[in-house]
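Order of writing sets the labels: A, B and C. Residues in every chain begin at 1.
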Amino acid sequence: MAVAFDEMTGQDGKLRPAYRELSAWLGEIRPDVLDYRRREAEFLFRRIGITFAVYGEADSQERLIPFDVIPRILSAPEWALLSRGLEQRVTAINAYIRDIYGKRECLRAGIVPEDLVFQNPVFRPEMNGQKVPHDIYVAIAGIDIVRVDDQTFYVLEDNARTPSGVSYMLENREIMLRLFPELFSRHRIAPVDNYPDELLATLQSIAPNTAAAEPTVVLLTPGVFNSAYYEHSFLADKLGIELVEGRDLFVRGEEVFMRTTQGPKRVDVIYRRLDDDFLDPLAFRPDSVLGVPGLMSAYQAGNVTLANAVGTGVADDKAVYSYMPEIVKFFLGEEPILRNVPTFRCREDEHLGYVLDNIDKLVVKEVHGSGGYGMLIGPAADKAMLAAFRAKLKSAPANFIAQPTLALSTCPTCVDSGIAPRHVDLRPFVLTGRDKVRIVPGGLTRVAMKAGSLVVNSSQGGGTKDTWVLDG
Amino acid sequence: MLSRTADNLYWLARYVERAEYLARILEATQRLTALPLAYVGESNEWESAVATAGCAGAFYAVFSEANEENVTDFLAFSTANPSSIRSCFEAARTNARAVRTALTVEMWDAINGTWLELRRYGNGPTSREELSRFLRWVQESSLRFDGCAYRTMLRNDAYWFTRLGVYLERADNTARILDVKYHMLLPAHEQVGGPLDYFQWAAILRSVSALTSYHWVYRESLKPWLIADLLILKEEMPRSLASCYENIVTNLDRIAAAYGRQGPVQRLARSVRTRLQNSRMDDIFQRGLHEFIQSFIADNNRIGTTITQQYLT
Amino acid sequence: MRILISHDTVYRYANPPASVVQILRLTPRNHDGQYVGSWRIDISADCRLDAHEDSFGNLTHTFSVDGPVEELVIHVEGDVDTEDTNGVVRGAIERFPPGLFLRETQLTTPSPAIRDFAAALKAAGYGETLSLLHGLLACLYEEMTFDADPTHAATTAAEAFAIRRGVCQDFAHIFIAAARSLGVPARYVSGYFFRSDGVNDQNAGHAWAEAYVADLGWVAFDPANGISATDAHLRVAAGLDYLGAAPVRGTRYGGGAENLAVRVRLQQARQQAQN
């Protein structure tokens, strides 16, 4: 693997301009002061995190996600490129989903194979031919971006269902502002704290036409036992909307109401953090007690907006991912601004042949798997594992894709031994309303805290950083 | 506000209040049973503690006899008893957690801290001293929570629903003590007198923390009819039925005013309060103390059900 | 054949629920083999009945009733002219290409036993799709015993096949699972079956399967009776499995257990004759 691109010092060790002030500051600050602030940050997080941790019951300590106090910085031109690319990608995703549940032109044109859609568990036949308010399917997207050099950002994964993590983006910034005011004063950093306002404006803009002038927006959570419950209550609080569970809502005459102490109140927009399967026992899993019976009939009657729409998984599935560049071209007639990680589709004979021959250099992923399950990292695997995976690939090639192992960019990070480069990714959040697309500058930077590790997932010891977008 | 949120707040307050009450009963009973037999007679005070706690049915399904060990365990620590102190705090915290954002940080810290502390008691204290400390701690936890609610909550419907929970539960608890001990409070006992009854009366007052108040209000030695008067009709006594209903009516009226609409529960509560205001102890004794309390308990339950129907579902 | 249908679904609640919400797929549509003369649905409670078409083209009715509800009767009646088309279903409403009906669902996921069963048929020389499906129909009818006791609405194809017992729903699920495992698109049909043995009163509707044969189109197979569908089959709704075509799906708030009784009466209208 090539030497990773470092966001502060590039490939050649030369300081990159966006990091000039930060680098100087890191040189000035006394290690004990930095260490003190680091512990203070942890303390503050624990305090905020207390509310998060208690939901985790006994293992509350472990559930705190490490926070790194050294920010990750993007220059204004870099962000301009990213945000144009994100807007393009999400616009294409919306057009694609609308087409899949409508005219199916991209299937007829052979852009995406039919079976990849129809056999896909996340495709929802129930959405076929249903109109959604203002044709917006994915109002909230989290697009995972990785960087490999000065010029190149790749999209690693699209999250078009119920992307999470935005509460960390907001809290990371709050804590940095409290701890490092002098560092902020040396930069002009685009704010992120307007995200809740932008989200609310987005949600209100996609209210159904039958809604009142001041549409009622609620956040639907699976409940306190969900691992993201803290984020749900955090967002509901910041947006000033009710945090509801399925049992708080009911359907009458194809409208959705919430039970309040002042009687039933009509609900127009549901920001739902509950998976499709559980939304409505009359349409999906009949054993779901988390959903709202009849919700789909109100949805189909056009009296309520679900954000995101039902069935958006058909756009963020790993199997569909490799077709995204073609999807962008087909629907927008433009070249994709953000590239995909080169991906081999094992369902295609040529690709399969290449993958079998080069499996020791590739990452092989199961298309419907997630969270790193059913994944092979070729360079790290022994002979037996490689052989086992070759056999798996041959027996069901369509279930797999393969990608080269990427040298993700690194960022200076506080670790026990001092400051050292660690691999990072970025999840910006893209809001699509009826009026426009809104992207708060930045996003959630995840960092692999272990040296050399490429795994940024919080479940595997990954941490987070504040993400700064320099203003001009 | 969401009906579920109001429901959680209301029950959160009820459970905390109930835990405190159970602790008081256990404390009073412990004290009474520590006296020589000559002072308290042959009555089984542990039996009456179970009855006062309102869980005789559940208790005798498990135990055949009421004694210090099993009653203490059942009322304080049992997980099988949904109304034990432990279960009350568990339920209170579950309710609190479900409405985390409707609580102030102080309230959350109070209830969550109590819950965390409770885990440290494990399966219960091993000695009488430890039990005493535990029962004190339960009462202090309740006071702390109540104080946090009083001092930090916005005065809106969220606050009023927690108050309704407190007073409805308190009225029920006071009425239950009266229901179990009513025979001790009849005027006929005037002649009996003696140390036996004195300690019983004192225990009743202690279980509603009114022993000192009694003396301030009446400036007399303990008289059963005055105890009944204090616990039923005196609005200045915080745990009296009259005081609870003064508060229930006030809070229901605030809700009705804020919502611009009143319903059956406001009418019901006012009629209960009016009955208490217009009663004199003589009349109550004449028509039967027991019947009076029984009908009060029924009314109080009906108001609970009506609050649920009108606001919480 | 002209069939008169009267179908009552009666819910009785020991403890009346506060409200009931249901979605009905109880209204047949026309295709080349059937023409709906008249049809109506009556609900015993006061409510609004909202009619829609679902994504598969089935007609749905949704309603909600505010309780307390002690009894709820859904009454359906109508008359339908049917023709024997040798099981071939033409002119029905199709909202998806056949390929969609290869999807696995929870109720129709083939167990290894079902896969083996299907593969054995294929190996036994039923080469061409249509004869393969007829083979599947015959073998399933042979292999399975009709028995209403051991299975229920949520029983999967795999579970029913393991005990070789079930009702028409289970037969249809196993047929579908087996057909899909062989790469043949298949779907679930709910409807009514007019019995030729003179038994007019039944305590349930009927269910069977349709499978897609290239060049011929959708063909209906009734594995519970071991026959292709005839003019005795009245097709009401189709979906990926029972859940997608269920006559009634519902939930209720509050209340206790429910008691469900279904009465279906099918009669052949008297032949018209010249005066």
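Quick note on the criterion: a contact is a pair of C-beta atoms (placed from the backbone, for glycine too) under 8 Å apart; a residue touches a chain by one contact, two chains touch by 3 or more.
These figures come from a predicted structure and were not determined experimentally.
Counted by C-beta pairs in contact, the busier of A-B and A-C is A-C. Averaging C-alpha coordinates per chain and comparing to chain C, the farthest chain turns out to be B. In this assembly, the C-alpha centroid of chain B lies 58 Å from the C-alpha centroid of chain C.
We define each chain's centre as the mean of its Cα atoms; on that basis chain A and chain B are separated by 50 Å. Per-chain Cα centroids separate chain A from chain C by 41 Å. Counting partner chains per residue, chain B has no residue touching two or more of them.
None of the residues of chain C touches two or more other chains. Across the complex, chain A is touched by residues 19, 21-23, 48, 50, 52, 54-56, 60, 62, 64, 66, 95-97, 99-100, 102-104, 154, 240, 243-244, 249-251, 253 of chain C. Residue ranges of chain B in contact with chain A, taken from their complex: 1-4, 6, 97-98, 100-101, 108, 112, 157, 161, 255, 259, 261, 311-313. Note for the complex: chain A touches chain B at residues 51, 54-55, 223-224, 233, 236-237, 242-245, 247-248, 258-262.
Of all residues in chain A, only 114-115, 118-119, 123, 125-130, 250-254, 281-283, 286-287, 293-294, 297, 300-301 touch chain C in the complex they form.
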